[in-house]
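What follows are several structures.
Shared chain: subunit A. Partners: subunit B in the first complex, subunit C in the second.
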Partner chain A sequence: MWYYEKKLQYPVRVSKCDPYMAKLLLEQYGGADGELAAALRYLNQRYTIPNKVIGLLNDIGTEEFAHLEMIATMVYKLTKDATPEQLRAAGLADHYVNHDKALYYQNASGVPWTAAYIQAKGDPIADLYEDIAAEEKARATYQWLIDMTDDVDLQDGLKFLRQREVVHSQRFREAVELLKEERDRKKIF
Partner chain B sequence: MSDMRQVDERYYQLLEQLQAVDFVLVELNLYLDTHNDDVDALNQFNYYVQERWKIAREIESSYGPLQGFGNSASGFPWQWDDTPWPWQV
Partner chain C sequence: MHHSQIRAWRPYISPFDPCPPQKVKTYIVPPNLFVGFQPPNLQQFPPAAALKYGTLWPIFYSPYEGRGDREMSDIK
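What follows is the complex of A and B.
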């Protein structure tokens, strides 16, 4: 099970109301390489991955939910004071008529999240390579998002998230090596 | 929002201290997941486990429970559902 802790993993601050940036951030909320996809991908793969790397998938999957909450906080803060007119100007009129200012698991283009974004192959190397790719794609998306805003407070939170992708990728690469070592040891006997 | 409980500057300072220590713990946790025989990392991890509880206890004594489902005790009346929630600070 999980325990909720009433704090963000890292402080989220924004310096202005910016619904357009909120729309772009949805890519990391309900997009193919976003935090929801990441959390669900790893926590689902952990049941059938070799024991040696269950802990890593469990813990990174759990951390992704903390990142999902940070993205949600960014979106919430960037839109909470926006008028319907400002939402329209940001290209969020279609979002507004369906959801008001509620968050929804969709990407920056408004496409709803789907389980088709993630895979569980049962083959540990295939699964871990997907996980490494997912982290690298998320890292790239965070960089493009940072490039899209001049809000230094928002950039600070996004840079934290970008760096976490780098660390997760590194740990998954080590997990691949651990499984290869285990496989090669078995061949000797 | 008028029903929002106000928090002071000390809350933000303590919260940031906890976030900093917890960052160390998350990093060491993931590192140890792939380096389970690194005794120096393990000693650091166990040291910061103690540090995080000192800060968490200080936050909880002034601002209410940090964790739900019985990991933190509550004062009266029930404090768990008090604002602010993390996205409101």
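What follows is the complex of A and C.
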């Protein structure tokens, strides 16, 4: 089970009225390499991974949900005061007719999230290598999102999230090293 | 530290390219590629800086200030 802390992991500030950026941010909300996919991937893989790395998947999967609500906050702030005309100008008319201003798990192109984005192969090395790749892809996505806005406050939140991808990738790489069980072994040739 | 995580390469430029060429392309090599297991007793950021940077550990800090293609364009 979880305990919920009613605050964001890192403060989200958005200073520029830019509904189009909300559309782009959806890539990290319901995209293939987004936070929802990451959270569900890790929290599902953890059941069948060796004991010594279950806790890591549990912790990182949980943190991904904290990132998900940061992205949700950004999207909400960028769209909550937009008129239908402004949403149309931002390319969000198709979103508006289906969802009003509700958030929806889809990517920046409007493709709905699917479990086909994630894998649970049951092979610990295969699963952890997918996790490392997912973190690097999310890191790259954050870079391209930072490039698409000049709002320094929004960039600040995105830079925090990007850095967390770097740290998570590091931890998954360490998990692979743990499973290799090579660290303290005397090498005799 | 900042530029040590950036690598650059020069793509082929055709005389018939339709757009002005980007002579140098860059990509990031984050610190997680080089560390292996985190060594013990590393230096830490103070708590407020750690929150701002998104990591407690200076060796894992990876700044990103937008793509470096343009700034790196004078690299040989």
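Criterion: the second predicted complex is superposed on the first by the 181 of 189 C-alpha atoms of A that agree within 3 Å, B and C clash if a C-alpha of one lies under 4 Å from a C-alpha of the other, contacts with A are read in each partner's own complex, and residues count from 1 in each chain.
We take it that contacts are C-beta pairs under 8 Å (C-beta built on N, C-alpha and C of every residue); 3 or more make two chains touch, one makes a residue touch a chain.
Please read these numbers as outputs of a predicted model, since none were measured by experiment.
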{"item": "Subunit B versus subunit C as contact partner of A:Q143, first or second or both or neither", "value": "second"}
{"item": "Which superposed partner A:G122 touches (first subunit B, second subunit C, both, neither)", "value": "neither"}
{"item": "Subunit B versus subunit C as contact partner of A:T73, first or second or both or neither", "value": "first"}
{"item": "Touching partner for A:P84 - first (subunit B), second (subunit C), both, neither", "value": "neither"}
{"item": "Contacts of A:E174 with subunit B and subunit C, given as first, second, both or neither", "value": "both"}
{"item": "Which superposed partner A:G55 touches (first subunit B, second subunit C, both, neither)", "value": "first"}
{"item": "Contacts of A:Y10 with subunit B and subunit C, given as first, second, both or neither", "value": "both"}
{"item": "Most subunit A residues touched (candidates subunit B, subunit C)", "value": "B"}
{"item": "Partner chain(s) touched by A:R162 [first = subunit B, second = subunit C, both, neither]", "value": "second"}
{"item": "Footprint overlap on subunit A, where subunit B in one structure and subunit C in the other make contact", "value": "10, 167, 174"}
{"item": "Residues of subunit B that touch subunit A when the two form their complex", "value": "15-16, 18-19, 22-23, 26-27, 29-31, 33-35, 65-69, 71, 85-87"}
{"item": "Subunit A residues within the subunit B interface of the complex", "value": "3-12, 53, 55-56, 59-60, 63, 69, 72-73, 76-77, 167-168, 171, 174-175, 178"}
{"item": "Touching residues (chain side subunit A, partner subunit C) in the complex", "value": "10, 136, 139, 142-143, 146-147, 159-164, 166-167, 169-170, 173-174, 177, 183"}
{"item": "Of all residues in subunit C, those that touch subunit A in their complex", "value": "28, 30-32, 35-38, 51-55, 57, 60-64, 66-67"}
